[in-house]
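Everything below concerns the one structure shown next.
As written, the chains take the letters A, B, C and D, and residue 1 is the first residue of each chain.
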Amino acid sequence: MLLATSCDFEFDITEPTPFILMLRPRSGAQQWISREEYKLTPSIPAFEFTDTYGNLCQRLVAPRGRFAIHTEAEVMITDTIHKAPGAPFVEVQWLPNEVLSFLLPSRYCESESFSRMAIEITAGKLLGYDQVAAIEDWLRKTIRYLPGSSDDPISAIEVNKKQSGVCRDLAHLGIALCRALSIPARLVVGYNYGLVPMDMHAWFEAFVGDRWYVFDATQKEVTAGYVALGFGRDAVDVAVYNQFGPAVYPITQQVSVELIDSGE
Amino acid sequence: MLLATSCDFEFDITEPTPFILMLRPRSGAQQWISREEYKLTPSIPAFEFTDTYGNLCQRLVAPRGRFAIHTEAEVMITDTIHKAPGAPFVEVQWLPNEVLSFLLPSRYCESESFSRMAIEITAGKLLGYDQVAAIEDWLRKTIRYLPGSSDDPISAIEVNKKQSGVCRDLAHLGIALCRALSIPARLVVGYNYGLVPMDMHAWFEAFVGDRWYVFDATQKEVTAGYVALGFGRDAVDVAVYNQFGPAVYPITQQVSVELIDSGE
Amino acid sequence: MLLATSCDFEFDITEPTPFILMLRPRSGAQQWISREEYKLTPSIPAFEFTDTYGNLCQRLVAPRGRFAIHTEAEVMITDTIHKAPGAPFVEVQWLPNEVLSFLLPSRYCESESFSRMAIEITAGKLLGYDQVAAIEDWLRKTIRYLPGSSDDPISAIEVNKKQSGVCRDLAHLGIALCRALSIPARLVVGYNYGLVPMDMHAWFEAFVGDRWYVFDATQKEVTAGYVALGFGRDAVDVAVYNQFGPAVYPITQQVSVELIDSGE
Amino acid sequence: MLLATSCDFEFDITEPTPFILMLRPRSGAQQWISREEYKLTPSIPAFEFTDTYGNLCQRLVAPRGRFAIHTEAEVMITDTIHKAPGAPFVEVQWLPNEVLSFLLPSRYCESESFSRMAIEITAGKLLGYDQVAAIEDWLRKTIRYLPGSSDDPISAIEVNKKQSGVCRDLAHLGIALCRALSIPARLVVGYNYGLVPMDMHAWFEAFVGDRWYVFDATQKEVTAGYVALGFGRDAVDVAVYNQFGPAVYPITQQVSVELIDSGE
């Protein structure tokens, strides 16, 4: 299917402010960018680099005054999300090298504290994909999804206490539970077609069988429509913007995802 | 300045043919991509990866029949090419690690054969930038630039015998001469505003002082207007397309570069 | 100076246990490994890879029974630790790309919570090296260094509450304080000549001026004698061993560092 | 099996000479370094980095006078070289990204010139492993192996004219023939137990099925005993030493490989 995504941020900048953005989706094995736009107003110098995960990051210093970022893209993705019930757990010694760091705890995913809980939630399940599906299902039933609340990230332990959260929070708890079972898990940030209300989205992926699979406890059913902007261990690694110096907040933030062609 | 580039290829494919393309310019320290389009007709799956130089490469299998590639971009670049007469030669032991491999001979740049010639051409010059400028100047005066002739690449030795060549050939000879003096040099492929006749272009960069500088012996004066698609040791690394299986040739190939905004 | 380091671990393994070790020091710009030994008893297959930080990591599955790891090395290091009072703070927009991720919070360094405290501790100091030196000094005076206590890592917030900790804890708090000031900081794990009692050690580095500098609040005076095994955002990234499955603990763990040649 | 390797170079240096060495074998999936020594006499500063292939490289400036390099290692390797008759050819579109550059011509492997010859040599063979085995066999029968002749490298075309060569030459021709068939191939430099006369050795690897396989046309039978120092596209990438400035030649060069434990 072919999707059109767009994202607009506007800031009132009171003193020159360095930003690191992650707003350029990247063509890869899962998505193909056929059109793309990235406009800064005023037009200022910006530099791009690739982080250690392979995400495209943009660096700039926003000048005083109104500062606007506009990005849009046409992205071709597969029509369905691949699911693989029964895909086996991979013992640590057989995991690819580049996947190993996604087993470890991270800022918002204190996986070392979730062993017992993860075992309980997945009791009786086949090791691997089915464990992750059980975690996703448990999240869906247990943690109330509150779209739109957009405070600073909280960690999996706090999410579990609060029993509610934004998409990122559910994903963080899912990741912590997977890692507690020695299943590599990572956070993905991007767009999701059909999300209500429309906004940036976050979900998680788990490595079982021989690849990463998408999981998203905020949706009743995970079908297609996911466009990734970046992935990493947790929200620290994949902020769509990191800003340094005195805090500035977007005065407008608007996201849209439209279907151009269903591919059918 | 803001440039609009476009590139069109059309092929008649008689059997499914794997391609590796290098047609997506990348935002970096020197250029910012503010708009971009990459269309394949028919629309087929394509995958992107980053090669060891950091270039974006696209993989696909062209199906039987007419196959068209269209890319276009709006690229913001600096208004002038930086020149640095006097920038010093960097002794090998002080070169950054990542620059070292550009000292070695490569497929089309047999630098080990050019020591004497490089010393003669640069006699009396300050070590560093001025040596490279002398090489560029010598190429301009000595090797006849024949735009448009587009055979298979030939190596620096052959270019030197032939005393003429396309842009890539002049660059290969320039690179071989630089490396013969222990100056790192690399080939860049991309677009050049104002090139006559308009086509894909190739030039070279040399590392002196503390950075890479642009050199282009095909132009009387090297001003601005360079948009890079990729860089590498020589043409092997930066083919805009590599095709495998029985050879296919473009039935049309069209390049354009237009000025959108001079930045003045 | 030339140091001889050694490290011995022994485990009683009750079921086959995957390990990821970080026990091979790496030659780099700061240290040169002139001799090295890495023995496993029983001798079992082990595989090495490089993590995203460039650290050498060893993977293996420890078999049932007594399992011993012995490593030793002769390492040439500079005779003094470089200090640079006055080295300036680098504004975020001028930091090298590869340093940026060391500005962000991590599992054990919740830097976002330390802004006010960091400003207070460094009040009146020149921005840059002198701020970090003030942090190191404050740690030395404030947080009681308790060598040998070796529980699971605790985070900077917890260290600050407890007002005491092992080397790793002091480093984590130092890192959190630096990052709160937008100074990149990272954890280093390795050997330190003259450490009392001798053990594996952890310290931190901060990026000011144009390079990383060593800081260590556990020592009255930071002179020379540091041999790095690995570096990363915090203890998550640089465990000398990560073990998966039911927890196993070393029954013996022994570290030695001896001076072979003072270089004087 | 456990092998002890050693390598000694001595040079008479008349003016300070930068070197880049590739003399530290690396632990990986195929070999485990259990002991290692790397001595420079006089003892001078040396720095290590990893090239784009993952090889460990050492940089130093040899001072005036006698300069000696001594390296030795104990390396655990598998007891047999894996062979896989029937392992299938991998179509270009299914090759892993990181393998693609080994399809292209390189300085000493002008693969674009060997299509017809490669087809003839492998006529009637199953595509994949069996083609490479046919190439190895053809080299063994056709190109006279002249150990010890150690001139500057010559290219595959020249080797084919000369019909004789050192180990590196046979490997270059083998690589060119493989690539001409769209089979990725790379040069490996290192040690070979039982080589007569003992010296540094070079062989090649081809990617078929799902991995790299060892081929060596200099040996009647390729069994075990290979310890790699580095790999790359051809000899340009894996010189055990690259030296810059006026040429210096080793006054002694000595290599030994001994069996410590046959593993049986």
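Quick notes
Here is the rule we use: a residue touches a chain if its C-beta (ideal position, glycine included) is under 8 Å from a C-beta of that chain, and two chains touch if they have at least 3 such contacts.
Model, not experiment: these values are computed from the prediction.
The chain with its Cα centroid farthest from the Cα centroid of chain A is D. Listed candidates were C-D, A-C or B-D; the one reproducing the A-B interface, defined as more than half of contact pairs identical by residue number, is C-D. Distance between chain centres (mean CA atoms), chain A to chain D: 43 Å. The mean-CA centres of chain B and chain D are about 30 angstrom from one another, to the nearest whole unit.
In chain D, 49 are the positions where the chain touches two or more neighbouring chains simultaneously.
Viewed as a contact network, the protein chains form a single closed ring in which every chain touches exactly two others.
The list of touching chain pairs reads A-B, A-C, B-D, C-D. Against chain D, in their complex, chain B makes its touches with residues 18, 20, 49, 51-52, 57, 59-61, 91-93, 97, 100-101, 103-107, 110, 112, 152, 182, 236-237, 242, 244-245.
Interface of chain A with chain B (complex): residues 24, 26-29, 32-40, 43, 45-50, 54, 56, 58, 76.
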